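In what comes next, chain A is part of two complexes: it sits with chain B in the first one and with chain C in the second one.
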Partner chain A sequence: MANFKLLSEYYLSLKEKKEEGKKVVAFMSHDNIPEELIDAAGLIPLRMIFAGNDELMDASHDFLSPSTCAFAQSCIGAFSIKPERYKFLELIDYFIVSNHCVSDICASEVIAKYFNIPRLNFYVSYTKTGNSVKYFKLELLDLKKQLEEIKGTEIDAQVLMNSIKKFNNFKKKLLEISNTIISGSQKLKIFHKAMLYGPDILPELDNIILEQSQTQTSDESKDILLTGCSIFIDDYLNSLIEEGGGNVVFFDTWVGFNYYYQIFDEKVINSTKDSMDLLAHRFEKNIYGDHTVPNFLERKVSHIETFYRDHEKKTGKKVGVINHIIKFCDHMSIMSSHLKNQLKEKGIFVLNLERDYSRANRGQLSTRIEAFLEMM
Partner chain B sequence: MKAFIGIDIGSLATKIALLDNGNLLDFRTERSTFDFKRIGLNLFNEILEANNLNRDDVFCMSTGYGRHTIAFADDRITEITAHARGVQFFFQEAHSVIDIGGQDSKAILISKKTGNVVDFQMNDKCAAGTGRFLEVMANALEVPIEEIGGLGLQSNEPASISSTCTVFAESEVISLFAQGTKKEDIAAGIHKSIARRVAGMAKRIGVAPLLVFCGGVAKNVAVKKFLEEEFGYEIVIPEHPQLTGAIGAALIAQENNGS
Partner chain C sequence: MSIVADELIRFSSVLRMAYNFLDGRNYLKKKKFREKKKLISVGLPFSDLVYGFPDLVPVLPIRMHEFEIHKYLTYLGSASNVFGWNRVTNFLGYIKDLGIKDISQTVDDIIENVISTINSKYNEMYDIGVESGISTDFCYGVKSLYGMNVSKGKNCDANLNYTIRCSTWNKYLESIEAIGNPSKQIWIEIPPRNIGNTLELLVDNINQGISELEKISDFSYSNTALRNHFQTSNQIRQSYKKIIYDISTADFYPCNPATFCEILALLNISFHDYNSNATRYKDNITLLLEEMRGRINKGIGVDVSNKPKILITPMFGGWEPKTHDIICELGGRVLYGDWDLLRFLDDIPISNTTDPVEAYAQFLMNANENGIGCDNDKLTDSYVRLAKNLKAEGLVFVQVFGCHSVSNCYTMLKEKIRRELEIPSIALNFNKMGENVEQVRTRLGAFMEMYR
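Take a look at the complex of A and B:
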């Protein structure tokens, strides 16, 4: 497994921190979990960004129907089987149950309940109205209380502000990496490691950028914007794209843009006294979040079109869009034909690629991706 | 000057075509079996020998399900692109393609301006709407697969087959037969079911005339008829409907290699 080294090193790093007395808080929910708050409480946020396979999905069927999101299935399966490469799952102390989507709720509840992991709750609204922001702040305060109970003391306001600044700088670095001319697989590797380790690897990122900049992307590769569901650790999808002659130049997913674009302006940080207000402000501004309503589709189309035009101006190359839909993600699936049609009207080619993590998918995916690249 | 060979390794059949200067000189078809690499190599060597050609005299482009596993191919292309090009060998004005093979079906939209693929849809996850569906049903009706199309055309009142799943549809067919429904009506219902499913997939990408129907199932007269009913216009079938992938691959090889 290509990422065995990454995951085994991560396990050792996490184990070391546990031996220092730190606790690990895991979560599936993508956009809105305030990891700064977890960090400020002296705890370690662990984001579930691991792809599945037949074995993991099968194992989840003891708990959930096979027509649940394949990512949710795989998360449950990972806890059920605990394969060697996911040994770090044993180190998890708490699991945040949130409502990013229905599968998030189902899987998070199953994981917390049936694998004996104490749960923390954090539920968010999908709108960005005054009331929903107020409600988000209440949830933040509640989560803060839950984390303080674990910590045994209050979370210091200055410590939280420092954590917010630290994560802010971290995301700016990821944005910088995203704008470099390195291959999609290299970027994805960096994003994966970064989203596992967090700002702890800030010093490493500069070196990585330097190393990777010596790898030139072939001019003959077809440029791809990946949207929809993320490509997680141990997923072969990006390899298929590159084997077919494509190169993902932009990850418009929550392992990618949807994570690192959530950056605070320095002025906003400096003018806001209450850190919780800052986090609520970020929630309000997160208009590209997967489940943000209304007008999610319109915003996505506009955002993709803007990238497409800018990219063409900068490089002279057109970008093809691959809309990656993990099976039974109803939200992405329902939106897919509308997204394709609306982008098609603007002259942008889209491949809707729906799949689960089964091995049998590989040849089918490869044919579709290659045909799409040939079409470009 | 090189001649060009296209080899289409399908899940059920391997097809090979030899072109020279854009003319179809020779072609063969054989069942792929599990040992499709050997079948492909045999066909390749046969066609070279039959035409007094050496390996160096030809450029070979592979396509289809097994395209990556053919070591003797010089290059490879997906069956989507290959079929789109291949149908234009027979019909220059082709605007869309429906290909129904043994285990998959696809719809392809071709640009009228450039002749390139502009969109496609595939069903390779489910046997419904493929040649396999027909095989299962022919078996259930105890009718040879070559005759089931003709049988379907004899019906004046096609039975309604509501199941989309091959397994459940087979049960439904057996049940209809047991209830006394005429074989030709059931056969017609089966073909309508395929046509409805494939047409539904094709309409999603906006297929329009000139629509070319290819693949092994294109030889089935009833599927053609019911597809035409679904679309409301005539569809055309090339002289060699199973060869469009192989021919397309050879043409692309020729175009890419400066000939």
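Take a look at the complex of A and C:
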């Protein structure tokens, strides 16, 4: 119900902006799309951060094989079935085809082609070297050109810089929220809303922080670090964790850390003349993202271990790790057993939780989560 | 099936290629321990750069395994070392002509088993991969490669890793280190698209890869050595393309269509690393082309003008090898051309530039842009181009379970085939060799009805 309210309000807000003549650019959520560039072009970025269900997944099978990532399937399904709650998808003017993973490529292409949404291209380097950063900048320039064609004029450098600063402040606020002691479900709700609306809700976030600073979570709950795939809007996974007595204290996912940790240092902003260099620099520094190879696993393990030790020191509580793997996710699945083994060696409990969005899974997921929390 | 062997025996080049593949373990042991050469693991046909160093040997890891080689083929290999392959195979042909049944039957078995031996080893690698923890949700190719690395990866000094659009592939490459494989990981990024000065960046990426190889090799990189290898590999590509385009599209085959499929399958598998010896491979494939042409000129072979040409693709990530047997039984003939589809059979353009690295960068970028494609439109265009060039009358698309890359373009491809080629197509699901043969037979039965 809460999500229904969020989504319908979002629809109205988006519709209002559309009536003002703004256009919407959607993309499958990931951490390397430069939303500041879209914003600076006077367009509205829309992240596809919506979970699926049986109907949405099934609807995608006309286009892609059922052994495609359940999130990608559901994104297609949302366009195919057009559920009322996702009515705002009708307002999309452009769709970015990118290569976060190959399912991103395929699903985005299907959405653009079969649902008649003009596509924009933005492909990201696979590694993180000097040359791949240079390549990323070429893609940025190309995307800028595509956006300028839509806009009809050039994107002003100062406007872009202002957008970068605006999103930077927004992410800092999300980081602040992440560090509060509110429950995982409250945090997730805020992240969902924030990533949907963008910096427009910055004033609202201030109030939320103020309100939430009064609340406390139960000391009895088991602290969880959620890594792997995100929990998207309309997903019941976080409820299962909380029902089982857990509380996600850290969302180490797209929706969460991967988004808000990509903050520019003020010094870097002030010393960099070319805004495009700033965006390229951010790609270079996005070392915890799952897109690039190699070293993803090594960094992930070290990052989780650092959080684990710090949290234990700060609260005296151990953190259990739930590695959320959406069925057929290339990035998370292939590394899952290695991640588990390496963290286990460091004394950290890990649950590799693989699932798709079918309702039938709910009971089984609940049992596994409960068993894991009990073991902790 | 004895016809298959009967035809194959007359291609000494095929025997050599098969033997070189199956005997890879001994060959590589000799290279590594006796000649102190270093093994570099490769996957997909990305072995060319390794040949720029005289003491580095590229290897598709499955070839480090021991294959069940019939003792007779072992004998052939040994005899060929003394007498030369031509004399040995002529002798076998002579025995068959004499009709000495027992011996020829043994030879039949050997040859027929070559492909099935390789395929059953692939299945074994698949099982090792799954037992070692890779999720069953991945495609056959990745699971098998994972198994190869778990079992034999430690014998290599390095892995040469090229990034492509398939995220499973890229992540699989990263996972090699996590397996506990001590070999060095050398990464070469092929940028997703050719925009701006991307080609310069790719040249630099390749040069960095070369520097890493130099650290393993006892030799310094030399333009001449790499250029010489590219000449050799271009000759391989040219012969391969002639076999695909000139021979397989003709109305008269130098052998039984089933035999022809097996030869194409063997070429497909061995092309990854040229059986670790590009010059030897070039000689064999050149001879193969000559042998095929020689037989056609003499009128030895089979009239296939009434057999519809069915293109089966993709097969490089795993396919059911019985598919071609079934199609042949149902009156068709099968064409395989994956490497051309992905533009790996285009020449490395060394005549256009003095720098072989630049030429290789152009080659890779062309494969990436117009073959593999970061974009499904490009990839499907590539399928259509191949089917058109081969004058295929039908297309069997292998939809590999767990393949999120190539298999996912079928909806788009089906439309293009219908619109641009107006030929029938069918998608066959594939998970593991031998797993679904009856279903494949039923579906192909219905499909081939269209040609009656």
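Heads up, the rule we're going with is that the second predicted complex is superposed on the first by the 373 of 376 C-alpha atoms of A that agree within 3 Å, B and C clash if a C-alpha of one lies under 4 Å from a C-alpha of the other, contacts with A are read in each partner's own complex, and residues count from 1 in each chain.
In this text, a residue touches a chain if its C-beta (ideal position, glycine included) is under 8 Å from a C-beta of that chain, and two chains touch if they have at least 3 such contacts.
Keep in mind that what you see is a predicted model, and the values were worked out from it rather than measured.
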First, second, both or neither for A:162, with chain B first and chain C second: neither
Touched partner set for A:337, first chain B, second chain C, both or neither: both
Touched partner set for A:374, first chain B, second chain C, both or neither: first
Partner chain(s) touched by A:13 [first = chain B, second = chain C, both, neither]: neither
Which superposed partner A:286 touches (first chain B, second chain C, both, neither): neither
Contacts of A:364 with chain B and chain C, given as first, second, both or neither: first
More chain A residues in contact [chain B versus chain C]: C
Partner chain in contact with A:180 - chain B first, chain C second, else both or neither: neither
Which superposed partner A:239 touches (first chain B, second chain C, both, neither): neither
Contact residues of chain A, present in both the chain B and the chain C interface: 337
In the complex, chain A residues that touch chain B: 337, 344, 349, 363-364, 366-368, 370-371, 374-375
Interfacial residue positions of chain A with respect to chain C in the complex: 62-65, 67-69, 97, 99-103, 105-106, 109-110, 113, 121, 123-127, 129, 131-132, 134-135, 138-139, 141-142, 293-297, 327-328, 330-331, 333-338, 342, 354
Chain A-facing residues of chain C, complex: 133-135, 137-138, 142, 161, 163, 165-168, 170-175, 177-178, 185, 187, 189, 191-193, 195-198, 201, 204-205, 208, 374-377, 399, 401-405, 407-412
Contact set on chain B toward chain A in their complex: 65, 68, 77-81, 116-120, 122, 124-125, 204
